[in-house]
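The following pair of complexes shares a single chain, chain A, combined with chain B in the former and chain C in the latter.
Entry: the complex of A and B
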């Protein structure tokens, strides 16, 4: 399996020097993860986790390591309605104090760039950052662990509940060539803490960068997280995200994920319901067109008693796009009283588009309720007929139904201004939409 | 009875004891018939294959076909993707040929001991076969020993014989279709089978003929250390119809016996093939020792327009079951169906499901899979529904339900859906749960004993599949499930 010589992609990633933190355990972990990345190379279709996402084209591309210049970005473009709290902004992976808003933090909230946190107190980050990634398909997790020098470190003190959402913004800005950048977030909510977090990917102009983002969330007992991801990267961009969640007893997380932009987008979402009574709700949608390829790999592990998960995912693929979804639910031995549900529905709108979906259940306990459903199909002809019989033209009727199909995932987002904005953003991406 | 205080823990504990007792029951079909067999010594090489082919009196092309498959097999790695824990298999320790001596010319000449064996198993071989209207091509170890109803079938133009005979008598037909659905190099175990297949059934239903009776083969593994490599080929020409029944039991053995069968179905225009299986091979003891390794490649090709292939299976035996009866829906408007009940207990492992490959326009498929896990077993459904670009208006519906009985078993579902045509509709639903306490309580409050209640609930759970089985099989399947599961509630 070892490759005779590294692909142009791997070679270009090796060209950069490893970031030096001066923290021995971190530098060792970075070196080991890089070695593991180089040794294994990029996974191919024989690796189950990459069965439907080919990396052959990516392997032939090379990217400059990071961006040395501070690119001009219009601060107004970063704004989201109803999101007015603390904000950290990274442009091409580089922290930008001038665009961020991290002074006057609410009580109980600590938010700083990773590079700074490593200089002041690295030890609390050891658990997250010293990790070695051993699974077959973990190439990009290794790459990120090796090369990510910055990111956001966010902590909410026990019992604290900041009123405003925290806004983490990742901007891809045009540079002289294609750039690779890697960002690492570490988020911890103390016991009983509550937080709303917006992870926001956008582009300030056309480019075809390569980016990875790895984020770890730890929710202590009784903590509550509301997390929203708006992925609106540049049309040519490649973006690989790893999200890891660990929920303590009675902790609850509600995730909303909108995949709109990017050329090749991959998201690995792994959640561990570690404490009794933990609850996870996930809602996600991809709206793809052109030659976009989006691949979401979600794995939820019910490890403790009385845990619950509910997942609703929608996908729309038009033109030559390809959407991939895997939703795996594992109920571990002894996780009695677990309740897991997953629904994945997809609309295939073009003869050149493709949808591949794989809902999985692995159940090792008997006192459980687990169900999943998945469909791939078209708009309901009867619903279309109904609208047309009311005098609504075909194209408009289709657009209305497609929007309604996708908006199911936004229905329970209880931030009205933001929900409205996102619904409009989504509608614009769908056939018949403005953009 | 329910304890007065309604303490569910007490009920559960008592239930557990009953379960342990009922589940500890010995394998009822476990006995060895003492018949001399004429076997090749264990081992696998080109020489062994040549000898095997020579003993069967096969033509040169068949020998070459086997050797080509063997050479290809040597280049293949053993697959590891299934959710199965398989010990290493020593292919050199297996004898690839065993046939009863004194080959009988007709049923009357069949060794009475053999018939006795069938009697114990309740095989409808002769009188019962006549009464039930079933023709039987019984495979005892590797060579067919008795074939009934040949004449009646011949009058209808139906060919129903052993594969060895077909190779001798109908070489053109065999050459035309053998390996056309499952190519010799299709997968590791299919390649092995192609190299060493011992015998099996050949069925040919000519154009426009509705086979006058249900055809049935009882496979039975008998000689120790003998791998069984059945090869079955069923061809239904334009407008033909056949229903084929396959059932298996095996005597108790200590060592793992490898079984790698290949079944190929070909349905031409407007033809229909219904293939039903009840599989009850020795599953190994409570600790998983012994038991059959059942690695099967079954595939049907709906080659003609408006053809239909339907698989129904009840899998209760084998230490390891690894099979995915599939349909390639090539013809326009062709239909594929898969109905399955898979039950695992003790240390049994099953990774089974189906593949529906939609190629033609207006093709339809339906999948109903019921998995029941008990003891420390592992039971997985793995399925693929693939809609290719040309499959305009393709339709699939899949339903997978799993029932868990006990805290140490696992039930898993791995459905793959790949859709490339925007007019296709593919739907998948799956649930996993244990036997509902409410249902049990309801039955018991009506004076129905715990074992009967469980049996009723499981029967209801499987009903959708059972009603697809021919009647004789449905009765047997129900009985098998009862034997395996009586009182299994914790």
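Entry: the complex of A and C
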């Protein structure tokens, strides 16, 4: 039986030369992942995880493999207030030493581009990179595993706690055509280590690139991670991210995710609370307009006793935008005394906008405290009238209420300068804002 | 200043105001009393421009302009203020930020310079003193978690800052303890001036001991059915609204 011919998208990715590392296990894993990707193709609506995000249009597009040119990027555009520590910058997926700040690292921090780490010492990366993605629907994880040649490798030694956030920047830069690029991050926090990490996606100009990013975080016992994602990709860009977190005993991670840019954006966030007393807090928001489509799939697994997760997500969609949120929390057998809370509220600002939300909670353990709720609604007419009756014009009143709706997402970010900046950025992207 | 003539208004297909006529001159305080469901809050909402309140006949002019043609924010900038019977909680919007945005929006609409945060703070401090409001309330979200009495005081505080020409107080006295009632009344009295008028909706004569009205009207079944001076409130207190039905005759009230 002959295979159906691959879609233009798959064909264009197939044309990419597999990165050659010279490391046998890695090259084999890349080959296997590419074969698996090609064999399965892109998922369609029959795959549960892609029910609300259609890939038909993407399947018809083709992208050049990577960007051979070093594009000019204004370093000032990368800056974030209160983020002045080590920085790695990737432009169209290519590491840029000229824009990065990776010398003079704080004590206990090791940070280098993946390609260099593989050249010097590949073995410690074997566990993270030798994975074969076979799960249904993980086409982009396979593609990333096959084609990502670079990314960030970050390790914080046990007990180390660098004062400054580490800044990972991914810039989409205009090229001659649309480019596909893939990056892979590996982050490990040793026992009792503490780190703030900023994952920052932005564009240096209009383009419609396709990118994947896969990031694995391992937090050893008692480690603490604060992770911020600022996704401000180009209006036409497609961005698919996989974030995986594994938390050891008493480890704590606090995530803040701002989805602002992009045309088609998908984020798979999977967390495993593997050690007793591990804690995960997630805060996220998407602010969509035009024909933007954002899909966040969060899966949290409580695997150990006394683990806690608290998730607060907000979605705002205007015009013809479409948002999807799935929050699946499993409290596994034996994860007794765990605590899982999920709140997902969504705001539709136009009759053509759409948001689908699906909270799922499965509990197989004892003495579990769990609460979850999801809503999709419109602005409160009573509040709107109250503001207008005080003299605030309609558009401004709507903007104020929309910003207020998202307030819970950044409220507990304890980096004041950054919080203020991000709140302003978010407000500007919400309808009625400046941008 | 305010001229309401033969006003008919409908909510959700139901006729509520049925030919209401009332004139309020600058500097006057008019009290409006009347049974539950008579249409008092509806009148306030229609004057403030709330959506869903359809005017089917009649007219309202304010300082000579057609009030009903203006958006709610334009009415506010023109000097109309409604103290809500049920002030709305707005989580996530800071009270001070909200009030400054409101004041500056009104000033901008009137072509007056906006206040910077220092000037605004100075104004707020002055008004706080008069209103005896804890400034802790200013740092919270608008009305969020406020007690019933705190919400009412916050309405009067907003009025003090915004300095409207016409203030409609919809049962601002309901839910206030005796001390708060006096403070709110003092706040209102402090704002009384020859240029400023008040429409005070209340169920209780006691408020009118503190805010002494020039006129008292009874609103029943969507109309003003009786008007008089402050002694009318005392009669109502003694005899109830049934007494009006027997003795009163529909009156196109006003001065």
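Heads up, the rule we're going with is that the second predicted complex is superposed on the first by the 432 of 435 C-alpha atoms of A that agree within 3 Å, B and C clash if a C-alpha of one lies under 4 Å from a C-alpha of the other, contacts with A are read in each partner's own complex, and residues count from 1 in each chain.
The rule we apply is simple: a contact is a pair of C-beta atoms (placed from the backbone, for glycine too) under 8 Å apart; a residue touches a chain by one contact, two chains touch by 3 or more.
A quick note: this is a predicted structure, and the numbers were derived from the prediction, not measured.
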Chain B versus chain C as contact partner of A:405, first or second or both or neither: second
Which superposed partner A:312 touches (first chain B, second chain C, both, neither): neither
Touching partner for A:393 - first (chain B), second (chain C), both, neither: second
Touching partner for A:363 - first (chain B), second (chain C), both, neither: first
Which of chain B and chain C A:114 touches, first, second, both or neither: neither
Touched partner set for A:427, first chain B, second chain C, both or neither: neither
Comparing the two partners chain B and chain C, which touches a greater set of residues in chain A: B
Which of chain B and chain C A:154 touches, first, second, both or neither: neither
Interface residues, chain A side, partner chain C - complex: 380-383, 385-394, 396-397, 400-401, 403-408
Chain A partner contacts - residues on chain C that touch it in the complex: 48-51, 71-73, 75-77, 81-82, 84, 87-93, 98-99, 101-103, 105-106, 109, 141-142, 158, 162
Chain A residues within the chain B interface of the complex: 48, 52, 333-334, 346, 348-351, 353-378
List of chain B residues in touch with chain A within their complex: 81, 387, 389, 402, 404-434, 490
